[in-house]
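Have a look at this one before I ask anything.
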């Protein structure tokens, strides 16, 4: 009898339940019912505190289309707290102890970049770990795609679509702020799909005067409106030259709730145009997964089950050139997959006249 | 040959084009092609400046599902500027002159509360006017329903749905700010349809301690999360007692971009719970109209054409108890249809345990 | 302690779970937990066979947006089988016996026209019954609206929208068959909202030559395509003159799976145009309820709880002129609310040039 | 001054306008306005008949989200008619003549498999041709993905989702027939994403007894319902052994409008279960393109413009391993990309217990 634990960690996204279902269904088929699956609650916190329950096959039925995660999730355990907490409790040791107490053969972990650091740490401590890359940011190193990304892209694009109808009616400048602090994949894809005129990414620092010039030129060409798709993590070219400390200080002094409001002020001053800001925020990661994410999550889930069957631990399942492959956790941990400035899709955007404000 | 002008004024909403199409198609059928329709651009501004064009039947084809307005729109002309502007130009006289120059038999105006004040003024000046009530706020007096409302409700509810999946996964307090400065219809309807636990409306001033208590009780009953649907125009019970001047001053000093951020701070202080704010903003009024709005806008449009055929001017078309009826503009202008505190739907919400923070 | 049974009967539709939730939440609030709710499985069949279970408050959480019914449903018990079945079992007596055995104070029944006949029968037999009108057909007598209708209308309209883009590209005649054997509400509403050119309803028998003429005229006016929204139950003027027996015989001989295929053949013969048939079928009643249906179902649910609290049995809750009112079951049973030929919405359609083929 | 013609041919699908827009915008940027674009109407028919018009930049604005094709389309010219028609008109010569008369530098053709045969023929006749692969079937050889496929997959999956809620409520066997006569990609992807229990593809002939056995086993395991996703082109193992002629004859005698109805009858006979058939039909290819298709179509469009700039004619643009590459038309023409029986996604489906009826 195999005993497999499963947990979801970090911010939730679409497709987590589809992936959990994929892992479970494939395990039941693979081991012909000779497997017990344990759901660990609220991410690593549940593993630290020993909060889990035995799952039944029925628990995985009807969750393919369900947003969020039936297991609950929580932030990374080492971000806000030290590894050894204020009561001198060693959290890594707690996780190892509970893993042993649960007599697990393998722990399946679904998460993004932060989650993978911890997963790699646990793997290094001798636990059998297999992971699945999830995040709406698509910034996990080693995989062409994470689940959650496509669903979030559909929501962000839909927001741009809705803004478009108002923009054509009123004729103004509109800023839509799209999730993504460190990576601009979501803003790039949704920006093109949603017909944005300017796209600002963390990877391509912008020049505010260049943006103002672009908007003025559009005005002169008789364009009634302009739409900017702006990543949460967009930065100016001046900011790009700052040290981390200088940047933090500068942003802390910024009298705006987010970058879009600052842009709005700066552009308005330069162009005299009226500007509207929309911040759809974190509902970009809620709701039912789109069909693509359901399929990708299912593929990742079944691949994870195969890795377990083959005792091929210490790996993340990844999509590379259309195929699912294992990638060693030590290769993934601590890296971030940003948008390369010369990538094909950036070029596509430039080819149809989209400006990146650079 | 009849000559009919048509303009859309104020903030755009879903269904404007469906209504324009309804007016036009019904006019063409009614007058057997003996009618010329003139599209006046960008609301009253186009009438003031004489900016318009002759429309062809084909211009009204394929716009049933299109968001925004093909005629463009602009803010009320008297809100930001005086009736006689800085160049001593009398804007009302301009509108009258252009109406005459265009030899119009009737002017069809689509708009919300502000628009209806001006429409009534023009009607009082002797122009033949027929109006259609549009707004996502559903706060036009004299009609049970405005088009735009149902479509916006679907978007706002969808946001609440998406937040729900994250809320069940993470377990926190979430605030969703829904459009509506003066009337709470949208927040009330979307709040119930989206399964909110607390609903705050402009019409029912809230007590912050009462809200905190509700959230604490939910926590004690084992509820993992709470969702608040908050109207943009929600006010506290203290604020409700202020004079207009005091209120404006107090809000001007508020160090938050909107009420939701203040609530977030105040609730967090009282309950110690982590809170997330989402402000979907004005894309609630963009995108394709929902089927209900298309039908309602079409009904309004054909009713307006009938009023013109019967020379029954000076009226707004309205929905009352399922039927379309004319309502005199002088009855509509200057009024606002807020949510009565004892209305059935408020009671429905209370009956299933939703709190209004009062 | 109150004991309330609840069952859903007949074809499922959107909003059943929202209504079940509304009833339950309002009962728990009303009776301050002094109430036990019993879910009866698979409609009347569960009451006949004594198949039910005690529900917990948690069972009603998270089902507001869920399509279908958590209680299961089945066809009317008297449609396929006699009241006294082949084993001499009297099914009505079984239901009465189980009602007593369960010691119910009231039975809440959600269903359409067939369901209401049985509900009225049970009420006549002395059972305390309160009902809620559900159906995508909106044909329950005594209520302006049933839940399920608006959601189905959105799906049917969306099908018409999709067909439109193909129609404008290819230029042909398209027939979309919309649910509704006896009542044309769904076809009428979706037909207008989806921009159909011809609408055929059970209530307005069509003349095939009149339809062909309409299509020819559109062709001559340069219209590239035509779209027909056809109710499942559409009938020709010849058929309208037949006796029930003659009609059944004629249709039994019809070498087409449904009316749309026959229309396709007949129109093609008369106009020489190429015709495409789409039969979206019964997924029109699946999926998540639209926000309007969630709100309506919740209002019906809380109203049912109020009736129970007031021991006001033997009623269906209904929407009349925007308010929820009780309607005696004996008034509802055996009736059907069809589309009146002279109703306002029919007139709206004619006003914009839509043909009903008559 | 460059002169570029553009046409769309074959069945329409989502993303055609996004692709047209991509080609045009990239051409205007590439040639700095020194380019004239000619829209050829209704596919090859427009080229044969010389039916076209000069396009303005504005014609390509606002069409990113629009379904269908603004250029119109028509069937392949050689499918129903000979190359030399009944009036001895050589259609290929007509196309060559019109190409010359229009003084085109290149002809951009958007289409599927049939379209590519003709495009290759024209290329062989000396015309400069660049093509884009469009089809909801994703069966064009040489590209990992065609636009239209993802949008159709979303619609087909949504139908399965809706059927699911009815299936869980009623408990029956449901068959959903999904487009795809020769290739099963759409059924395979939507089937997994929509949670189907059995998937039947043209590429994997089914054994009816095996299907019946699968359904019986599900019944015995307490599963209330089963859903079959069936490609239009699904065939039985007996039929797979027939000659083309025998197969055609057998199908011509089939007293059912499509394969799903035959399956329904055969399964019902074997299992005694009640079965419902849904045939969503060709609205699977209508409506607004999903964000993925808009992006893919835009990428293909800009790549086509680059090929023209580089005079790299005679190619189809294709997606291979995430990059856009040119593929010679002569390699594409006459081939079909079916689902390999051993492909990863088939294996994924088997891994979670989905049956292919083999």
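Note that the chains take the letters A, B, C and D in the order they are written out, and that residue 1 is the start of every chain.
The criterion applied here is as follows: a contact is a pair of C-beta atoms (placed from the backbone, for glycine too) under 8 Å apart; a residue touches a chain by one contact, two chains touch by 3 or more.
Since the model is a prediction, treat every value here as computed from it, not as a measurement.
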item: Graph separation of chain A and chain C (steps between touching chains); value: 2
item: Chain whose Cα centroid lies at the greatest distance from that of chain C; value: A
item: Approximate Å spacing (C-alpha centroids) for the pair chain C, chain D; value: 35
item: Chain centre separation in whole Å, for chain C relative to chain B (CA means); value: 31
item: Two or more partner chains touched - positions in chain B; value: 161, 164, 168
item: Arrangement of touching chains [line / ring / star / complete / other]; value: ring
item: Touching pairs - complete list by chain label; value: A-B, A-D, B-C, C-D
item: List of chain D residues in touch with chain C within their complex; value: 8, 11-12, 14, 16, 42, 66-69, 72-74, 155, 158-159, 161-171, 176, 224, 257, 261, 276-288
item: Chain B-touching residues of chain C, taken from the complex the two chains share; value: 21-22, 25-26, 28-30, 62, 64-65, 144, 150, 153-154, 157, 161, 164, 168, 189-190, 192-195, 290-292, 294-295, 298-299, 301-302, 305-306, 321-324, 344-345, 347-348, 351-353
